[in-house]
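Labels A, B, C, D, E and F are assigned to the chains in the order they are written; within every chain, residues are numbered from 1.
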Amino acid sequence: MGWKTIYSVKARKSFRPEREMQGNMEEQVTREDILIEALPYIRNFYGSTIVIKVGGNALVEPDIMDAIARDVVLLHYVGIHPVVVHGGGQEITQKMRQLGKEPEFIAGLRVTDAETLEITRMVLVGNINQRIVSMICKHGGKAVSLSGNDGMLITARKQVPQKVMVEGVEHQVDLGFVGETEVVNNEILKTITDKGFIPVISPIAVDVNGEHLNLNADTVASDMAASLGAKKLILLTDVKGVMEDPSDPGTTIHRLTLAEAEQLMDTDTIKTGMQPKMKACINALHAGVEKAHIIDGRRKHALLLELFTDYGIGTMIEREKSEI
Amino acid sequence: MGWKTIYSVKARKSFRPEREMQGNMEEQVTREDILIEALPYIRNFYGSTIVIKVGGNALVEPDIMDAIARDVVLLHYVGIHPVVVHGGGQEITQKMRQLGKEPEFIAGLRVTDAETLEITRMVLVGNINQRIVSMICKHGGKAVSLSGNDGMLITARKQVPQKVMVEGVEHQVDLGFVGETEVVNNEILKTITDKGFIPVISPIAVDVNGEHLNLNADTVASDMAASLGAKKLILLTDVKGVMEDPSDPGTTIHRLTLAEAEQLMDTDTIKTGMQPKMKACINALHAGVEKAHIIDGRRKHALLLELFTDYGIGTMIEREKSEI
Amino acid sequence: MGWKTIYSVKARKSFRPEREMQGNMEEQVTREDILIEALPYIRNFYGSTIVIKVGGNALVEPDIMDAIARDVVLLHYVGIHPVVVHGGGQEITQKMRQLGKEPEFIAGLRVTDAETLEITRMVLVGNINQRIVSMICKHGGKAVSLSGNDGMLITARKQVPQKVMVEGVEHQVDLGFVGETEVVNNEILKTITDKGFIPVISPIAVDVNGEHLNLNADTVASDMAASLGAKKLILLTDVKGVMEDPSDPGTTIHRLTLAEAEQLMDTDTIKTGMQPKMKACINALHAGVEKAHIIDGRRKHALLLELFTDYGIGTMIEREKSEI
Amino acid sequence: MGWKTIYSVKARKSFRPEREMQGNMEEQVTREDILIEALPYIRNFYGSTIVIKVGGNALVEPDIMDAIARDVVLLHYVGIHPVVVHGGGQEITQKMRQLGKEPEFIAGLRVTDAETLEITRMVLVGNINQRIVSMICKHGGKAVSLSGNDGMLITARKQVPQKVMVEGVEHQVDLGFVGETEVVNNEILKTITDKGFIPVISPIAVDVNGEHLNLNADTVASDMAASLGAKKLILLTDVKGVMEDPSDPGTTIHRLTLAEAEQLMDTDTIKTGMQPKMKACINALHAGVEKAHIIDGRRKHALLLELFTDYGIGTMIEREKSEI
Amino acid sequence: MGWKTIYSVKARKSFRPEREMQGNMEEQVTREDILIEALPYIRNFYGSTIVIKVGGNALVEPDIMDAIARDVVLLHYVGIHPVVVHGGGQEITQKMRQLGKEPEFIAGLRVTDAETLEITRMVLVGNINQRIVSMICKHGGKAVSLSGNDGMLITARKQVPQKVMVEGVEHQVDLGFVGETEVVNNEILKTITDKGFIPVISPIAVDVNGEHLNLNADTVASDMAASLGAKKLILLTDVKGVMEDPSDPGTTIHRLTLAEAEQLMDTDTIKTGMQPKMKACINALHAGVEKAHIIDGRRKHALLLELFTDYGIGTMIEREKSEI
Amino acid sequence: MGWKTIYSVKARKSFRPEREMQGNMEEQVTREDILIEALPYIRNFYGSTIVIKVGGNALVEPDIMDAIARDVVLLHYVGIHPVVVHGGGQEITQKMRQLGKEPEFIAGLRVTDAETLEITRMVLVGNINQRIVSMICKHGGKAVSLSGNDGMLITARKQVPQKVMVEGVEHQVDLGFVGETEVVNNEILKTITDKGFIPVISPIAVDVNGEHLNLNADTVASDMAASLGAKKLILLTDVKGVMEDPSDPGTTIHRLTLAEAEQLMDTDTIKTGMQPKMKACINALHAGVEKAHIIDGRRKHALLLELFTDYGIGTMIEREKSEI
């Protein structure tokens, strides 16, 4: 180790020093400094659980997912217990169309009939989760795929029909096989994280009648964070964070207290897409999670930047204003 | 408990005895006898691992699968560590056609291109495994789905092109994304079975380049049995067992030694369909598994009949002729 | 295994199927069904402690005791922690006469002088307990004999003189070396049951002066059940259960709540012989045991019938009326 | 503590010093010295197992047994794992006569018919063992009675008929229900000693047919020592040790190597009574026990004297001549 | 073992008994009695922690320290967890003078400037502690040196300036690098005592700014006793105990309740030297320690005399008047 | 966390974004890259032991020692078990002079009389070790000081007189209280590292007569590495590494195999100062350590540079030429 770059370039001869290294050395000085700068953060997170929700583009661009997988493995090696939850809406829509089934949305929410549910489950559990697991394994982590069904991790109930405004008229909409978490039984999670495995969780669960249900991945991430007493919940999204003007990344809000976040929920700032994410963060904080983050997952190594450097990114919501 | 049937029928009044029960009691006598008859078998298997491969009709007929799930849960409660491996050829073919992709076979072997692989993975991991897990959970077992990817359970390599006889001419056939087990790392299996979870395994793995591969489920079951030092490998199939005349169930061979089984491999008795099953059994026995069984999974509770009564069914292959 | 009966009868020849088996197979169908019927009960009792008091004829008829021993071993293998407590009045009386010592009773209670105590201890600890231990071991259970002396399991005090009615006149009777439980220290019980041993307990204990005392076996069973947080206390007796008319087995009362049982204590229904048994059940229920049973131990495999089938036998007393 | 004697004599008044103590103090000086003298021995035996066979007068004189019980408890508290094995010939003979059964001996060996066996078992397991257990408990040790039956500690086989010389003529004598150790399964011993319990073992076992057998207690002690890898086997007897002239205690042999002991076996020095004891010692040493002792159990605290002071007593046999 | 004295004196010849031993034997009788007398004390202290402060002459006279080391090892072997805390004022003063630095005292308290602190630390941690550790190891104990710095055992704060009366005038005196315990974190203590190591603790700690501070050793002993839930705190001093007239050993007070001790604090009986010791005892008792002792460490084996015989020495302070 | 620098500078107002951060972000990009570059190294060293010898200037310049302490804490947090061994020649010499004792050297080796030994021990154990422990603790590591005396970590023997050339004449020189390792008993090391403590070891030990001895710190580091099966031994020195021309840092040799290192030992390249270091490395490699490094401890964060980046520094000696 430690010699790779230098010595793989050219063979070492009869005890002659590599003078070329001197130059590199100067540049190197900052490298150690950056590592040692991470120490207080590493120490702070040591032994704690961090739940990471991966969604959006990260799932369709292999490069980004690969970088996230590497970050997750690094978290593991510096003593953090990472738990990954994933979504997958884009790929589900694509696979449905491939199967000749046009997705139906009411007020932006997907209607999930039996056929849609099966496709959803196949894509989430059979495609996306398996790919993430293999990526993490490739970088040296021991990932294990789970859904809410495994070891009865999540027992859900069918969502009651939602009130939805369509063209100014309120409708009762039954979205079909869509569920809400009823009971989280984290025995399987604890069993595998205790042995250093990294769980990757698909948002599928079962109800008391044995029907499979599709859950919202942000909510599942929030539930896992609450159940495990996680220190942080991090939602990787396709936007800069919560923005005052959702169309202007320059208006990203960097810090919110729980109270401020709750106030904001009723305003126009929080649009449809951001609402379940905000709700997930708020619930996790109420359940004892220290901080929740909504950050831009398209940025490579956003996790490391957020966790191990003096620079924070995106929006952080904390229970009370901390000194930091 | 113990009172359910009787007392749910009619209310108990002022300390009057239930005389009706007397009649039932007589019939009951045999019930205890049957339970106590199971004792020597239960004692014999206590604490041992049994690997069960589920395939064929069992996977498409919910009633049969439900009965198998119940059997597996019973095994768990009487001190056995059951490990389930499943196949799923019929459902894969059906899903491919649904997606407008006609399955291609050469000499009876499925050609697996990238698209086929993805469908295979979705069906096995996303559909079948999830259904089995939920069924076992419904009956009180704590099932957990795994593929060869999880925790790097199975590292595979792409199968080298096979020599196949097509119309009397030998062809080199590359079957595509089909793999062979290279390394089994059973840490994840041990971690979860130690805590009483029941693993359900899909025959998908990854190679060193990160490519997913489809494996033969019988072979995976055999590999698991070998790796875990299982006492038994049981293959549930759609036939009575190994038959001298495959078209005549009356010619089922009930017992074979390992040596006899190996001899039989080169004869016409072992047709294409039975070959990988026989091979799986033979390999498991060579690796130290005590007995391997090829039995009829279409028969309800075939597992219990085989394991806990004086009646054996199907074909049993053992390393050496035992006294039994 | 699984082949014993069939294949021990006649040798297998040149791969010829055993056609005889076909017939048996049909009959077998019910066997698996009975096993699978036991699943909900096995699941329900899994990991719980059940205290079984063996007394009366079971102790003098080797066949019955052998069947009980087998039942106890089965309980162990299906995940229950059985604890056996035994009595032995008949054999004590017999051994006393053999030693030329006529047993003395006052109002049906045995007077225990020093010599009687020694004989009692020898018979209980040296004969009966050792026989039960060997029987359980023979069937594959790891039984260990204990008395209240072992590891200070039971510290007792001498019973205060009892008021007894003799021919209409109240007498104060000192029954001698007869004791009442003062302190139960179940460390030795937990130590051995944790390792899968099955304790068999004789009702002998010691007081603070080092005097050995004879205890009532029903009471000891009740104390053990209370101390261990047992799920059930089962008293195996020589009668059908609690009967409205003790002379008519047809009047057996099948279910009682704790409240009903306490009311019944003051009535004529509960005669001398049944009183300590009822008291033992009532005390156990008050101490948190879920259900107590007084059942007919002369019936072979009464334990299995009670625990693992839909048919209950004898009298069950429960804290509150359960749904069942 | 530490103040008892002084302050219980007279009440302390207004901070007046107890001048009387000064005198006592001088006498005390030696007390600490004696305690500290024991340190090297305590250190040497710390954590090791010592098997102690108690026989002869110790069992019939309560004072001696009480002193042994106290010694055993002290051993426990200074970090030794004591295991007690007991005999009981005198009390068996007495109880037989009480039951009108005259003991029969051939060439000094007791003939054990079914009735004799039952009496033997009752006396050993039901009387002697229970008394020892209570005595050890009284002094603060957690004793637990065991026989060879418990947890299948000792599986025995019936002794084959012995060649015995009666009046110069060799006879084949079947001594009846007398056994020889076949298998020692010390799981129960380890389970209870691991938790600080002190096992007290009666020399009764069971054969494969379920028949109880009486074993020689010296042999059982030797078997236990061998099985547990004991550091010492100590046989407490009614004589000074091995004597050159058995009628003259002044000829006691203080040290023997294993080789010397084996030579001595064939000489007249080792008479009938001493033979099984010597054999037990020799077998234990061959099995790895460091030292075996035959010492005079009639002497109070002989165990402490032997183990914790510079004075050894009786006969010590060691594998090789040690430096001591 | 057990044979050393006798057989090392003269060689044993051809099985001749050592008659000389007979005489010794008589003298020996008392030895066993003394050992067995210790049993109730050993049993009482078994498994408990005892904190021993060693100070004064014991530290400068190797013979006394050696005897204390042996006592401490004996405590370990009879199941006690001893924790040693040491002082060292005399040696510090001597070393300072050797380095040409005259110790400065104000009203009897040492002023600790930076140079004095370094010498103090070197003498305590580098000399005295290392010597004690080696002595305990020599006698078979596994001693480990610690200071308050190790594993952050003690976090201290600098003592606020003290009010001191000098010639009738009150001065505010800053004693320099002298500290008071702020937080005790006994993780390192528990880690090593759990494995049978004996901690030896120097009264040095660190404050939040990283400055080393000297603490009072009696106080540190008291803090350790409180933190570990010790059964006893024993301060070994150079006087007989608390004396009504400090100049007359005949006025030693043998027993005090906590209340009496607190009253005494305000009287002339408790002079400067005794004050911190009394305070240490009182604090420990308030924190739950059962008894605190101030005894004469110059007496050889004072610890054993106090702990294991009926004779107590010095002054004992207990929470409430016990029956003893 | 993660927000410190930015947000502590100026208060956040009414949800206004911090635009300034954008600029920093660009610079930040490399930070995550550097962290992720460390992943393969972190993974490689995860769970392994690395022994670090600290000597020379590092011990006298607080800045350098502080940086080393931080590095050591970082190693701990990324899953490495660091073990620190320290020297201290410069401070010993200085303290001796302060005490008016002129150090005596023969052929460059310090003569250690009793007084010198005491000073050595005080400086090493009482000063240097305590300072290092506090520095590591300050950065969040749980350091614990040890010497070879603690828990009998190192048993040494006095060094036999050395042959030394003085002005061309060979002398036998007895260097006094200087020792060589005889036995390493790493129980105390394993006990504390198992619980996450970081041992800091002074090179002092004791011989069988109880005499303290001074050991060579490089040798002690090598012994620790060998005993613990360390992956690496790193000697931090005051030079660039092994140099062909010791006066020209440009001639530093970057890699040596064990064989090459042994050859070099007999040449002029290895001067007096470097000899014990080379010998320590060679011995460690023979004992199974993978790689040994002699690197420049004056360079800040040299440890991190060596362990976690592609740039190696100083001289690396490995058992066989590795691929790297």
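Throughout what follows, contacts are C-beta pairs under 8 Å (C-beta built on N, C-alpha and C of every residue); 3 or more make two chains touch, one makes a residue touch a chain.
Predicted model, so just to flag it, every value in this text is computed and none were measured.
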Set of chains whose contacts include both chain D and chain A: none
Least step count from chain C to chain E, where 1 means the two chains touch: 2
Same-interface partner of A-F, chosen from the options B-C, A-B or C-D, over half of the pairs matching: B-C
Centroid spacing, where centroids are CA-atom means, of chain D and chain F in whole angstrom: 57
CA centroid of chain D to CA centroid of chain E, Å: 41
Chain centre separation (chain E, chain F; CA means) in Å: 36
Numbers and ranges of chain A residues touching at least 2 other chains: none
Chain-level touch network, classified as line, ring, star, complete or other: ring
Cyclic chain order when read starting with chain C and heading to chain D: C, D, E, F, A, B
In the complex, chain C residues that touch chain D: 98-99, 118, 121-127, 129-130, 133-135, 137-138, 142-147, 149-152, 187-188, 191-192, 195, 197, 204, 206, 210, 212
Chain D-facing residues of chain E, complex: 1-8, 12, 15, 17-19, 21, 24-25, 28, 30-36, 38-44, 46, 67, 70-71, 73-74, 77-79, 139-140, 244, 250-255, 300-301, 304-313, 316, 324
